[in-house]
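Listed after this line are the structures, all set down as structure tokens.
Shared between the two complexes below is subunit A, which has subunit B as its partner in the first and subunit C in the second.
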Partner chain A sequence: MKSFRYLRAHSVEEATAAHAGRPGSRYLGGGTNLVDLMKMGVERPRTLIDVSGLPLDAVEELPDGSVRAGAAVRNSDLAAHPLVRDRYPVLAQALLSGASGQLRNAATTGGNLLQRTRCPYFQDLAKPCNKREPGTGCGAREGVHRDHAVLGHSPQCIATHPSDMAVALAALDAQVELHGAHGRRTVPAADFHRLPGDRPDLDTEIAPGELITGVRLPAATAGLPSAYRKARDRASYAFALASVAVVLDVDGSLVRDVRIAFGGLAHRPWRALRAERALVGGPVTEEAFGRAVDAELAAAEPLPDNAFKVPLARGIACDVLRRLSTAPTAA
Partner chain B sequence: MPDTTSALGAPTERREGPAKVTGAARYAAEHLPGGLAHAWPVPATIARGEVASVDDTAALAVPGVVGVLTHLNAPRLGEADDATLAVLQDARVPHRGWYVALVVADTLEAAREGAAAVTVTYAEEPHDVTLDAASPAAYVPEDPDGNPDEHTRGNPDEAFAAAPVRVDVTYEVPPLHNHPMEPHAATARWEEGRLTVHDSSQGATAVRQTLASLFKLPEEQITVVSEHVGGGFGSKGTPRPHVVLASMAARETGRPVKLALPRRHLAAVVGHRSPTVQRLRLGAEADGTLTTLIHEVTSHTSRVKEFVETGAAVSRVMYPSPHARTGNRVLPLDVPSPSWMRAPGEAPGMYALESAMDELAVALGLDPVELRLRNDTRTEPDTGKPFSSRHLAECLREGARRFGWAERDPRPRSRAEGPVLIGSGVAAATYPVLVSPSRASAHAYPDGGYVIRVNATDIGTGARTVLAQVAADALGVPVDRVRTEVGSTDLPAAPLAGGSSGTASWGWAVHEACTRLARRLAGQLGQQLPPEGVGASADTEGTPDTNYAESEYARHAFGAHFAEVGVDAVSGEVRVRRLLGVFAAGHILNARTARSQFIGAMTMGLGMALTEHSTMDKAFGDFAESDLASYHVPVNADVPAMEAHWIDEDDPHLNPMGSKGIGEIGIVGTAAAIGNAVHHATGVRLRELPITPDKLVTAL
Partner chain C sequence: MGADVFHSEVPLTVNGEARRPTVDHRSTLLDVLREQLGLTGAKKGCDHGQCGACTVLVDGRRVNSCLLLAVSLEGREVITVEGLAPAGGDLHPLQRAFVDRDAFQCGYCTPGQICSAVGAIAEARAGRASHVTDPAADVGAPVELTRDEIRERLSGNICRCGAYPHIVEAVEDVTR
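Showing the complex of A and B:
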């Protein structure tokens, strides 16, 4: 059998030091994706550094009014936390729309961000995949790709990022906290995941050996009306055909501020900056919503079998914008 | 005196339930004989061609690997009726996923790692995996009677051209997979020339016959045990490659060998429901009377095995019309071999026929329940034989009453709750009554207990339980005095759990054995039974009553499905709100397990309608969906208020229990009822399953 070393880290420093000293290491959170990939041979780490027991399991309010969720907080716990439910409903909704109850009980905040695409070509060692094995080609582009990207894909890769949680984080202007051999830094959640370009093997901006220690939910988006909507093939336990996270701040009949992110459309959560710019300061009308979303989705380059994603994304985005703009202001 | 009159029909709890929920019940892969080795197969990575070379050096170097079997070193097997069982016999690769090697090791992990280390090169050939109904290579196979599977009555084309009201539509059903909860597995061991296999199978008798032929052994030297089976839905109806590989590996290594197929392999090696393209042409008078019915089905099969998804057969049973053509055609491709999946033929066939009937009702401006009532019949259209019983009309009326059909506004898109469009639909169901010869024995013991022995298979249906009820009823004793032993070839031979025929076939022999035992016991009233008990046996082989083919009656179960759906007008997501089935299937022998079968099959039909599909990857020649995250069976959240009811039929032409099979009819009309409800909700008629948001969102 393919043997690997297993280490249980007791502190962030110990974890990153262990990683730095052992090439081919992977951090292990809930293992809901990494262990599957190891069984399939897609991931072959030489060392697993278990970080699920690190003291990163708290959800807490910080003095500046932001909320910090530790990387080891389980998805179920994060979704159920009062600070999240009350101030960031879009995040709770996104979490609860993902996976199944059993998986959410195991999956961690950090691991959720680092899960890999479920593209079937990525998972099948007998088929080409530039993400798994750079230079081998993309089986999906000419193959089965109904579930694949319509925005920001490259000739190298048309995979989508599967996370629901990450879409909500992108819309909330959350920050991802990283700890590496060279210290700490934060990266905006919306910029944490990459577009494939010519390096589809790189999913995120994380540096080798860096460990996600938590995510920071800013005070600026706390308490704003927000919602997540996911369209899928069955009522639970299915990845998004398209999803949308919206945080909307309305001032009378005008949009004071808005943040929109799409899931299921691209290699990363797709922050709809063009649509946001078109809406801010403008009227709260269905026409304005439609025009703004159309402006964003004009960049879409659907493949033969996934053109439906454009009208689907448009429909659910406009629907959420309309609902949030007509709902009573959040308490 | 205990009341024994209610043994048949009572909602008796399934006997092995506690063993299953406590983990005491052991499945095929849970037997751990000493010295057990583990096997992992190597699937071909081309869609067509030949193995050019195999290099097992690296695999044999993996610590723990015991051996690598390929076509170069595997023993030659005897004759196989089913070519998919001729494993590792030659270099030919008929489809992607076909097994080209088997690695045996001390541990599962080593076997798996060894399998990954086997290097196979191929001489690849161009492949074709596209089902094109117009392909000249598609042909008309033989029907079960050996005649061409295209039946014609009158002049169907002329009648269609002349019909006042016409529907000409084509429906498509994608490849579907059985995916039982327990994947296919076998544990095999040889001891002094005797082979014992624990196999996950729907019929151990046939497994033993096949292994005897392949390994050139008398059947007496083989025991096949299928004590508990975690579902099959047809995919375990006949032996599958895993049982041959496990037996072969055990003989070659001299150790017991366990082979549990990984979920990701199943789509390629255990069968699937073939995709179908079905053209329906219905012609009717203005009052709805059908004048012509043309049902033409094309499905695919593999290059190694002809399997026909006989969708058109239902149109020989359902509705009378003076003119008809019903034909099944099949196209061999470089695809994995299709096989039985719950109601093979009937499920896709009735999806198309009952959807087309709905379209006809719309074209006529006639209520779809009324259209079916106007085309009811007492004789089977294709044969002219009278039905032994047919209560389709009663199912439709009773279903309509329970469902509240009368309040339905027939206009499409006439009802909404916010953005959710609501509609309802109806479809009929049918499934043939089948029976096969079986043996059984019954014994009475001095302690007042009885033991029934029959190599029936309980695939999760409650077979043990219902056979005890049959026995108790025939013996006139309380059911808790009767023990049933099933699931081993050491027991009297019996046919498979398939074709909704298990209970009828086994039960008939059990009833006969118990009747004989009761007679013997009646002759010994008051006498103490000997310690070894008193027994009787039965064999229904050759009895004229079980020969339905020669019978003057046509025997079928019927049913009616009603569905209410909500369609999100924004996303095109369809969720079923209510599903109701009413079935006429003879006497229902166990109200609890029957309900379970009906609603289980209806759930599977819901999956067929809305969530399940498999995509043939044209470039690589395999199915893209290879796990349960991507092959979407319905989850709890998809399964709404679901009701199954039945009309008790008193049909004297069936079997001593008066029962028809119930394992499959529940799936048959479900997909059409849901599709018709989607049309009613939205005004959009989608003719390709499943009805997923990608198809609906652009059509709304």
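Showing the complex of A and C:
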């Protein structure tokens, strides 16, 4: 690892100014991804700007009924917060399905959103990877790609985004708050991560030097029945092969509203808009759920070794929809 | 070695004692504990957050010391397996239970398992849910540590010897 300078930021302005003034800067959250990538040589910052102690560590209700979680809130604290457990169970469940108790105690909201792919070629400097080093090729496409994308991938990159939390945020219509040299803006969580296209080096819509200050959970999805389901190779402490976040609003025997996002299938949380449109206003039946999910997954283009993800995703999505429509909290 | 742009002096408390190591910014807490402070209880298994052998408590919370930069810990309180029991006194109840239950073979994962269990028990008492807790359970009510709960909550600690059944029993002993 190359030597680097370390600065502790005390305010958002101080952090962004320090970043702007020092080429090769990286923000440091819990470090659980960044320090790992530095050990592997994938990240080589010249300066670390520690933002984990910024006063962005609160989870609070805003006057409009939305809930704001600061970027420095630890994943374990966000999952345990009564506002999250009561109103956004899908988010608590997604967080608790990720990583381990130790990692969740360190990982922050901001860092979780910006964690990099777990593609083994991305992590290995000796291998070609368009995400790590544009133009070198994609080692995974013709190599080991069992964990890789089945939706929205490009000839340049077939990686998936590993975050569970981000999938729940996409389904909840959350917003990501950003603070940069040109001021503040918010981006819908569902649009925050990108598809790879011909720029797989860009994971998200964040601009260089922009700081995530928090995420906003809207009043519109508060308190609706919701759940997260994750399929993985072992029962715990493993990344998703496929996962699904569902927020379902049922009116008698009809679907009033529904939001579905898949994880583990694409370069970003995959909001299943086609399935949602097919379901809204229609009947709450297993046939309808199956047809809608199939319509969404019809766009899948699996690779030789990951076609299993399509029926896996179908199975967990239909299961969560069915459970939420029968027993709101028991999914 | 003095402080410069790549090194800093970091005042912190380790097992109740005030320390002031000067650390290379690249050093993790694990490396500082083992190589600068002579505390070799926390183990280096994977060095990538994947095994839990390096688990210690920082401000009472369990974390992987292999992914935590020491320079970021100014003013924090670190407890390692060496600091769980008072010097010269009895073993910590979890240490006692691990011995009684023979909850190890090679013992390499044990300090991490024990520190992790200390943290996990505190989290459950504080009403923190886990992945296997019933989502309908009362928010904030202490969570009973069933075997499923113990397995899930300690999943961040890998035991290559496969001593899991006895580890679960040892933790159960302490929570009963």
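Just so it is clear, the second predicted complex is superposed on the first by the 326 of 331 C-alpha atoms of A that agree within 3 Å, B and C clash if a C-alpha of one lies under 4 Å from a C-alpha of the other, contacts with A are read in each partner's own complex, and residues count from 1 in each chain.
Criterion: a residue touches a chain if its C-beta (ideal position, glycine included) is under 8 Å from a C-beta of that chain, and two chains touch if they have at least 3 such contacts.
All values derive from a computational prediction rather than experimental measurement.
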Subunit B versus subunit C as contact partner of A:Arg5, first or second or both or neither: second
Counting only touches as set out at the top, which of subunit B and subunit C does A:Lys127 meet: first, second, both, neither? first
On the A-aligned overlay, A:Thr32 touches which partner chain: subunit B = first, subunit C = second, or both, or neither? second
Mind working out whether A:Gly101 is in touch with subunit B, subunit C, both or neither, as first, second, both or neither? second
Now for A:Glu205: first (subunit B), second (subunit C), both, or neither, which partner does it touch? neither
Which partner chains sit in contact with A:Tyr237 here, subunit B, subunit C, both or neither? Use first/second/both/neither. both
Which subunit A residues come up in both lists, the one for subunit B and the one for subunit C? 1, 100, 235-237
So in the complex, which bits of subunit B are touching subunit A? 45, 62, 64, 107, 109-110, 112-113, 116, 264, 419, 570-573, 575, 610-611, 615, 617-620, 624-626, 629-630, 632, 634-638, 690, 692-695, 697-698
Per the contact definition, I'd like the list of subunit C residues that touch subunit A in the complex. 5-6, 8, 24-26, 28, 47-49, 52, 55, 61-64, 67-69, 71-72, 74, 116, 119-120, 123, 126-131, 135-136, 139-140, 151-157
Counting only contacts in the complex, subunit A reaches subunit C at residues 1, 3-6, 8, 28, 30-32, 35-36, 38-39, 48, 50, 52, 76, 79-80, 82, 85-86, 89, 92-93, 96-97, 99-103, 105-106, 227, 235-237, 329-331
Where on subunit A is subunit B touching in the complex? 1-2, 40-41, 100, 118, 120, 124-127, 139, 142-144, 146, 229, 231-239, 241, 306-309, 311-312, 315-316, 318-319
